[in-house]
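Both of the next two complexes hold subunit A, though its partner changes from subunit B to subunit C.
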Partner chain A sequence: MAGARANFQLSKADYSHLLLTQAFTILLFFNELTSWMLSLIALSILWQVAQLAKSRGTLALTINTSETNENTSQVSSYASNLSLLGRETARAGVVRKKRLPLISRLKPTPKLVVMLFALTGAGIIIANGRSLGLLLSMVHLICFAYGIKSLEIKSRKDFYQLILIGLFLQACALIFIQSLWFTMLVIAVAVLNLGLLYRYFSASAGWKLPITRSGKLLVYSVPLAAALFVFFPRLSPFWQVPLAEKAKTGLSDEVSPGDIANLARSDELAFRVEFFSNAPSKGQMYWRAMTLPYFDGQSWKRSPEGRTASYLNLPADISRAAGQSYQYQVMLEPSNQRWLYSLDTPFVDANEASSSLKISRQYDYSLINERPINATKSYQVTSFSGAVRGQNMPRSFKHFFTNIPENNNPRLTELGIELAQTYANKRDIINQTLIHFREQAYFYTLQPPRLNKNGRSLDQFYFDTRSGFCEHYASSFAFLMRAAGIPARVITGYLGGEYNQQGNYYSIYQYDAHAWTEVWLEDEGWIAIDPTAAVSPDRVSDSMSDALRQQRVNLAGSFSWQAFSSAAWMLKIRMQIEAIDYQWNRFILSYTMDKQDELLRQLLGDGRLWKAALIIALTFLSMIGLLWLRNQWLSREKVNTVWQKQFKRVLKLLNLQGFTREQWQSPHKLVEPLNNAKMGLGSQYEDLYKLYQQLSYQPMVDKQRDKLARKFQKSSQGFIKDLKQTR
Partner chain B sequence: MIKRLLSPLSNFIQKRFDVFIAKRLPPARKVTLNNNNIFIFPTAMGFCYLAIVFLLFLLGTNYQNNVIILLSYLMASMFITISLASFFNVKGVQFSSKKEYVGFSDKPIVVNVSVNADLPRFNYLLQYPGHSLSIFDQLKDKQTLPLTWQAPSRGVFKPGRIKVVSEYAYGLFRVWSWLDFDHQLVVFPTPRPITSKQLAACEDGNEEGRRTEIARDGDEFIELSNYREGESLSRIAWKQLARGQGKYTKQYHQILGEAKYLSFEHLPPVSVEHKLEFLTYLILEYSQNDASFGLDLPTIRIDIGHGEEHKLACLTALARYPLSHSSSTVSDSELTPKKAKANIVEGLS
Partner chain C sequence: MEQLAQRVIEQISKVVLGKSREVHLAVACLLGKGHLLIEDLPGMGKTTLAQVLAKVFGLSFQRTQFTSDMLPADLTGISIFDQEQKTFVLHKGPIFSQLVLADEINRASPKTQSALLEAMEEHQVSIDGVTHELPSPFFVIATQNPLFHSGTNPLPESQLDRFMMRLSLGFPSVEAEKQILLGDDLKTKLSSVETVITTEQLSAMQEAVATISVDEKVLDYIVALCQVSRTSDFSGNPLSPRAGKSILAAAKAWAFIAGRDYLVPEDVQAVFESVSEHRLDAGAFSLDNNANLSRQIIEQVDIFAS
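Take a look at the complex of A and B:
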C-alpha cells in the first residue's frame, strides 16, 4: 500500500461531502460539547471550506496511452486505487485512459495551522477536563480528533479512519439522547457517512446514487437487525462505565416559594403513564415524587443540610391496602435524579425487582432508584387510593413532623396556636384553613409578588400578598398545621397529565409540577390535602385543570410546540407523533433483559435459547435468499427496458387477436395481415415498429433515446387503445 | 534464510493454487463470473468495521443502551448485505478476449478484454499480476477494456491470468477472480532505424541481381511524386506543401525497389538482437511502401510476399527467433535482452 500514499486525492465533490458529514456529526453533540470546542471545530471546517472554495484552479490530466481503444469507461480519479492489488502494484504504473475528471488539487494544510488547531483543542480539553467528567472528556477528544482529522488526509487509510470514527461518533451520540427522532437523525447522518464511502468507490455515480444505495442497503439490513434485537440474548454490563454528568431536570429536593413556578415554564416531558385498567380522573392524579419534612424557615427540604435523612430507610408503615387499585406503567424521561413517580400508596410489582432499575420504597411511601435516571426507563406500579398509612406513628416522629423553627413567621405561628385552642377536632382546623383560602381573596398566579427572605415570607404571603403558586399554599398550609400541632409535610410531584388517545397514555410535562401537603390524623394516618385546590376549587375538575394548563402552556413559551399545536388538527398530529415516540420508548428503549426473558418464555417456551438461535439463523438465510432473488430478478429485468416490454406487450396482444408470426419471422411480417384486416392499423403498426428499430439499433445520446422512448410509449399506448376499439 | 526455507512451501502452495484455479477457471475465450469462480474476503477496512461494530455493542451493553445495541446489530447486519452487494457487483459479468495480441517490445502491449455487464458495475480493476493496473469506474452494457502488459523483451509470452478485483460498495470486501484467456502475446523487436549507407556497406557484392539502385550521393532521397492515399505522413514533403505546391511524397529508393530477401547477411556485424531490430525496421519500411519482400533467417525462411498478413508473419518470425542463439560477433551489453521471465515461450514452439 506504500505506493499509493503520496498521491491520495479526494475529488472536490467528495471533499464537500466529507465536510458536510463532519458538520452534521458534530452537530449531533451540540448539547454535549462546550462552546469552545464547538467553535474550534466549526473554525476547522470553515477553514477547509474556504480552502476548497479557493482551489478553483483545477488541473486536468490528459493521458492517452492507447489510440486503438474506444473505451467509454471513466477512469477512476483516484490514483490511490492503485494500492488495491497489493504490493506488486507499487512497482507497476497505472494506465489511465481517456480524459481524467478534473481533480482539485488541494494544497496540504500548512503544518503550523494543524499544530495550532491541535494545541488549541488539547488546551480546551485539558482546561475543561475537570468539569466535564470522564465521559464528556472522551466525547470531546473523539469529536475533536474527528473534526480536525480532515485537515490531513494523506492516504486512503486516513480517509477510512475518518469514516469509521464518524460511524462510531454517530452511534455514541445516542448515549445522550435516545428518542426516536434523534435516532432517525443519527441514522440519516450515518447514511450520509456511508454514502461518502460508497461514492469513493463509484466516482462516476454522483451524489444521489450513493445515498439512495446506502439507504437501501440499510433497509435490507433491518430484518436481521430486528431479529438480533429481539432474540439475541441481552447481556448485563461488563464493567462500570462513566456516566454523563448532566444537569438535573425536574423537581429538586427542596422547595422554596417560586421554585415550582420556574419549573412550570418548562414544556419538557417528565414522564408518561399507561394505565392497564381504569385510570383515576385527572384531578385525582397526584403523582408523588417525594416528601419534604424539613423546614428551615425559608424552604422545605427532603433532608437536613448536608446530611441524608436516615429515617427514610425504615420500612413503610401501611396498615391496610384499601380502596381503588390502579395498575400502571410509568416511562420516565431521563432526569438525572433518583426519584420515581407514583400515585398515593405504591406497591412495586414483583417482576420489577430484577429490572435495570433498583427501586426501593421509602418510609414516606415514595419510590427511589439506586442510581440517577440517565436514560428512558420504565417500571410498573400498583397503587391503592384508600390505603391507611402510618397509623402507628411513634411519638418522636409526631414531634419531628410538627417541628417549626422558633421566631419564624410569628403571625402564622400565632394563628396556628389560636386555631388549636379554638377547635378540639383537628379535622376542623384543616377545614377552617381551607375555607379561609377559599373565601378570602387568595389568588392563584404564576407570577406572584416578591416575598422577603427574612424568615417571614409565609406570613407575608398568608396575610398580605395573598397571591401565589402551589408551593406558596402548600408551604404556608403545612407550616400552619405544624403550628397547630398537626404533623404535616410538603409533597412535591406532578398533577394531572395530558391524555393521548392514539397511544392510550398520559403525558406529564414539567409544567404539571405541583406541590401539596400531607397531614397526619390520629385514626386516619397520613392524608393528602391540596390547599391550592381550595383556592381554585375548580382545579380538581378536568376542565379547569385544562384551563390552568393552557395558562401554563402559554407561559412556557409562545413558540413552544405545545402552544403552536393548539389547533385541533395540529393537536391530533402532535398526539400521533408523540404516540409513536411512546411506542418507541415502550418497545425499544424499555426492552430490558427481563422483558426479553419474559417475551422469549411466552413466545418460545422451553429451549428458547436454541429456538432463538434458529430464528436468527432463518432470518439470516431468508435475507440472503431474498436479496439473491432480487439480484436475479434485477439482472433479468434490466435486459428489457420499458419500451422493450411495451413492444412485447403489443406483440402479445396482436398474437391474442390472431396476428401470429413464426419465431424466426420479423415483427414486420405482421404489417400486411394487419393492413388487410383492420384499416389504418397496419401503417400505425409499421410506424411503431420503425420507432422500435430506431430505438434498438440506432446509436444516439441518452437524452435523445429517452425522448424517443417516450414517443414510442405514447404511440404504442395509442396503438393498443385503437386495437382494442376496433375489435 | 527463512525465505529460502519457505520457498519450497510457497512454491508448493502456488502450484496447488494454480491447479485449484485451473479447475475452477479453465482457459476459455469467454468467462462468465459466477458463484464458482468469484472469491470474496473482507479487507482490512472490513475487519476494522467489524471491530467498530463490536465496540458499539460493548458500549451499548455497558450503558444498557438499547438504541446503540440496535444500531450495532444494524451495522453488523449491514456488513452482510454489503458483502452481498459486493458479490453481486461482480456476479454475472461476462469477459471475453481473443487469444493473441501483438506489439513491439518498447511499448506496452495493449490487450483488449470485452466486457458485457447487464447491470452497471463499479470499481473494476484489471491487471496481469506484476503489470500495470487498469481502473474502470463503471462498466455498462458492452465495452472494451484495454489492459497493458509490458514485455521484458521480444518473444512470445504467455502472460497468464488476469486478476479482476472490485472493492465496490464500501471497500469492506475485496471480490476478485481470475480470467484465463490463455493469452499469447507476440512481442516484436523494437524497430531500429538503419540507414541505407549502413545497409550498403555490408551489402554483399555477390548478391544476386536483385539489388536495387543505391543512392549515389549519400542522400537516399530520389524524387518527389504525387501523394497517394495511404502513404506515410512522414514521407510527405512538407516544405512543398507549405509553399502551396501540392502534396508530394519523397521517394527513397535505396532500400525499396525489387523484391528481396531480408537476412542477417545484409546487416552490419552487430549482436543478433540488434540485427533483429534492424530487420523489424526494414520489414515495417517495406510494408509501408507496399513492397514485396521475403525473410531469410537461420531458423526459418518466409517466401516473398506482401500485405498485412505477410508483415505479421515476418514480424512473428522475428519475435520467435530463439533468444539463446546469441552467437553474435559483437557483444553489445546495452542490447542484451533483459532476463526473460519463466513464462516466456522461447523459440519456435
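Take a look at the complex of A and C:
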C-alpha cells in the first residue's frame, strides 16, 4: 500500500457501471457520430469489457484445469466449477485472509494500446473534419475523449472527470434532438451516470440503490430546475448552443412526377396546427408551402436555374381580406428548409414580430423564414379564405405564367391550343379539363407507371398511362392551362391533417404532402384548382392515410406502423402519446426569450429584474426550508431503519474485503481480525458496533435515539471511508 | 454497583486462577438468583470456587459431603427431644445457611437429592410437619463427578432443570497451573480473600439485575433459540419455558456484570451454553463432547434474525 494515488481502485461493479454509462452516453450520439468513430469507441469499450472479464476468468481457469482434466463434458463442469469457486474463495477469504478477486486490480492498459486508440481517433476526426463542420467535429472530439479516457483511470480525479464529461455529453445530446422522449432518455442516462458516483462512495454492489438514489436526487432538483427554466435569463443568440446542420426533410423546391409519391411513404411529422377559431373542414385544409411557377420541360421549379426571376419581386397584392377568417398556430418540426405553411391567404399576426422567426410573405402569398428551420418553432397566422389575390398583376408578368418550353409535350400543347379555340370563356376550359379527368378512366395511385424523361412525360401520362399521383395531375393540368393561354402554376404543400382530440390540434404528416394548381383569371386573380379532387374526391375529403392506407400497407409488405395503428385502441394510444409530445413542444421548447419576457411582464409588471432575482432567491430559500422540514419529518421514522441498513452495508463491505463471519456470530467477532489487519480500524469498528447495539437494544426516548442515530451515521460513514482508503 | 460486581470477580480470580469466564458465569448465576451445578473431575477446584464465592459475598456457608448412605434428615436437620425442657428441639441441618455447598451430589441416593432440590425450588423445608423458611439469599452450589465415575446416581432431568447453570472448570492453563503449584494452600489463599459485599448489597444487585431492560428483539432471539431445540431434527431434549426464563435471567446478570443496563444478543450467547447444555443432554455428561448441543442451536439462529 503505497500512496493513496497509486491505490485508487474501482471495484468490479464500479467499473462495469462506468462502461455501461459510457456505452449509453455514446449511443445518444448514434446519429451524429460517423460509423468510424462509433466503431472505434465501441472497440475501446469492448476492450475494457474483455479486460474486466479476464480478471475473473484467469482464476477460474486455474482451478478448472486442476479438477477436470479427465472430464469430457468440459462446458458443464466449467460452469459448476465457477459456482463452486465462488463459495470456495469466500471461505478461503476467512481462513487465509487473502484479498478476494472481487476488488479487481485491473492491469493498466498498455501505453501502446492507448496511443493506438488516440492516434486512430485523431486521424478519423482530422479526416472527417472538413465535412463534419465545427460543431460535429467538436462533438466527435469530446465523445472520443470520453470513450477512451476510461482506459487510463489512475486517480480519483480521472474518475470524477469521466463522470463530469459524461454529464456534459448528455446535455450536448440535446442539441441534436429535443423531443420529449429523447429528453427522457437523456435524463435516464444522466441518472445512470450520477448513480455511478453514488455506487463508488457507498460501495453497493446492486443496481437498485445507486439508481434510486440518483433518481431521487433528480426529483429533488425538479423545483429548482423549473424555477430556473422560467426565470433564468434567456441568453442572446451569441451565447446560444450551436445548431446542428442536418439533411433537409419534407418538400423540395422542385416537383417532377413521382417526387411526392415518394414523400407519401414517410410517416414523419411535418407540423402541427392548433386553431383558435373554427377550423375549416379537412377538404379545405390546403397548407400552402410554395408556388412553383417555372416549368423547365421536366420539373416545376421556384425559379429558373441559376438566376432569380423578376416575378419573385412582385409585391404581394391583395385587394381585401375577405371571407372566412381562421386564426391558428403552427408548430413546425425542424425541416432545415425555409418555407412555412399556411392556408389560403395568410396574414402574420402582429405580435409574432417578436418571435424567434423572421417571417416574410412572398409575392405568391407563401410565408418564408429568414433562416432554415432547424428546431421546433411556432408562429401564429390568420388566414382569409376569400381574399382576392393578384388581381392587379401587371400584364407584362402574364407571360411568365403561361410560358412553356418549345417542343415540349406536343400533344398537350396542341390540346391546349385546341381548347383555347373551342371555348371563349376561360372558366369553360378549366371545367372541361376537370370533367375530362373525372369522366375518363384516370386513376389515383401511389405506384404510378414510370414515365419517360424525354420532355414528353406529361403527354405520356395524360394520354397513355392515365394513372398517377397528385403531382401528375397538377403538373399536367398546369401545363395544359398554360398551353391554353391561362396563367397557371403548381403549388406544393400538404392537404388535410389528423385531428388529435386529446390535444385539440391537427397533425400533418409527410404523407399528407400534396400538389395542386392555381390559375389566374381576370377579375378573380389567382384561384386554387385541385385536379386531384376531380380524379379522386376521397383524397381530398378524407385524410391521406385513409385513402391510401391499403396501398401503403401493400407497399410496406408484412408490417407497418400505419397498418398496426389502424386498430382503434392503438390509434387512441398513439393520439395520446402524440398529444403529450405536442404539449412538450408547445410549452417547453417554444419558451423563448420573448415568451419569458412576456410572462415576466405579466407576472411582475415593471422593475422585473430585481423581482425575478427575488423570486429565484425565494425559490432557493423555500427549497432549503422544505428540505429541512423533510429531514425533520423523516428523521422520526427513517432514522430507525437507516442505521440498520447502514450497519448491514458495513458488514457487507467487510465481507467483501475478507472479514467474514457466520450469520449467527456476533459482529464483534470481526474486531480482532480488523485490528490485526488494519491499523486502528478494529477499535473504530468496535465503537461503531457499540453504538449499533445501543440503538438496537437500549431503551431511550426518541430524541436521544435520533441524536445517537445521527452519530452512528457519521461514524459509519467515516469508517467506510477509512476502510476504503486502506484497501 | 457494577464496580462492585467487578471487585467480586477480582477477588474470586485471585484464588481461582485462569478461569475468568467460569468465574464470571458463577457470579452471574448468583446475581440471577439461580443455583449452580459444577461438574468436573475431582481436584479441579470445584470446592475452591464454591468456598471463595461464599467468602466474597459474606454469606453463611455450610459444606456437605454427599455420600450414598446420607439421609434427607442429615441435610435438613432433625428434632431431638430435649430432656430438660421436655420438648423436641429442632437441630437445623446444613441446608439452613445462605450458601450451601453440596459436594458430589450425585453420590447421594435419589431420596436425599430430592430433598435438596425441593428446598432449592421452594426455599423452604418441612420437618416433622412444620414448614421452615430458608434464609435469604439462598444459593446452592452442587458439585458432581462425571457420570462414568463409579458410585454415582445421575440426577434426573426434572432435577437438573432446577440448576440455572452447569459449569465445568476444565484443566487450568500452563501458566495458571504453575501458579497453582507454587501457591499457598487453600486455607491461606481463602484468608486473603476479602468480603467485599454485604447481604443487603447482594440483594440490591439482584434487584438491579432483574430490572435490566430487555428489547423485544432479544426476547425474540431467546425464543428462537428455544424453538430450535424443539424441532424434530434436533437430537437433544427440548428447552422448557423455565429454561428460557433461566437463560433470560442469566443473560441479564451477564449484562449487569458487563456494566450495561440493557440486554444484547451477545449476553444470551455468552450464557447460553452454561444454562442450556445440562438441560439439552439431560446429564449425559462426558468431557469430550461438551457444548455440542447448545452450539448446534446457536449456529442455527441469525443473531440479527429480528
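The rule we apply is simple: the second predicted complex is superposed on the first by the 549 of 727 C-alpha atoms of A that agree within 3 Å, B and C clash if a C-alpha of one lies under 4 Å from a C-alpha of the other, contacts with A are read in each partner's own complex, and residues count from 1 in each chain.
Keep this in mind: a residue touches a chain if its C-beta (ideal position, glycine included) is under 8 Å from a C-beta of that chain, and two chains touch if they have at least 3 such contacts.
Just so you know, these numbers come straight off a predicted model, no measurement behind them.
When the two structures are aligned on the shared chain, A:V49 is found in touch with neither subunit B nor subunit C. Touch criterion met: A:F232 reaches subunit B, while subunit C stays clear of it.
Put subunit B and subunit C next to each other and count what each touches on subunit A; the higher total goes to B.
Legend: residue contacts after superposition of the two complexes on their common chain; A:Y160 is shown touching subunit B, with no touch to subunit C. Touch criterion met: A:Y697 reaches subunit C, while subunit B stays clear of it.
In the superposition on chain A, A:S666 contacts subunit C only, with no contact to subunit B. When the shared chain is aligned, subunit B comes close enough to touch A:L218, but subunit C does not.
In the superposed pair of complexes, A:T183 makes contact with subunit B only, with no contact to subunit C. By the document's definition of touching, neither partner reaches A:I527: not subunit B, not subunit C. Overlap of the subunit B and subunit C interfaces on subunit A: none, as no residue is touched by both.
Within the complex, the subunit A residues that touch subunit B are 65-66, 68-76, 78, 81-82, 84-85, 88-89, 91-97, 160, 164, 167-168, 171-172, 174-175, 178, 183, 186-187, 190, 194, 197-198, 200-205, 213, 217-218, 220-225, 228-229, 232, 234-241, 356, 375, 588-589, 591-592, 620, 623-624, 627-628, 631, 634-635, 638-639.
Put simply, subunit B touches subunit A in their complex at residues 45, 48-49, 52, 55-56, 58-59, 61-78, 80-82, 84-85, 88, 91-92, 108, 110, 112, 118-119, 122-123, 125, 127, 129-140, 143-148, 150, 163, 165, 167-171, 174. By the touch criterion given at the top, residues 662-668, 693-694, 696-699 of subunit A touch subunit C in their complex. Here subunit C touches subunit A in the complex through residues 213, 215, 217-218, 261-266, 269, 298-304, going by the rule given at the top.
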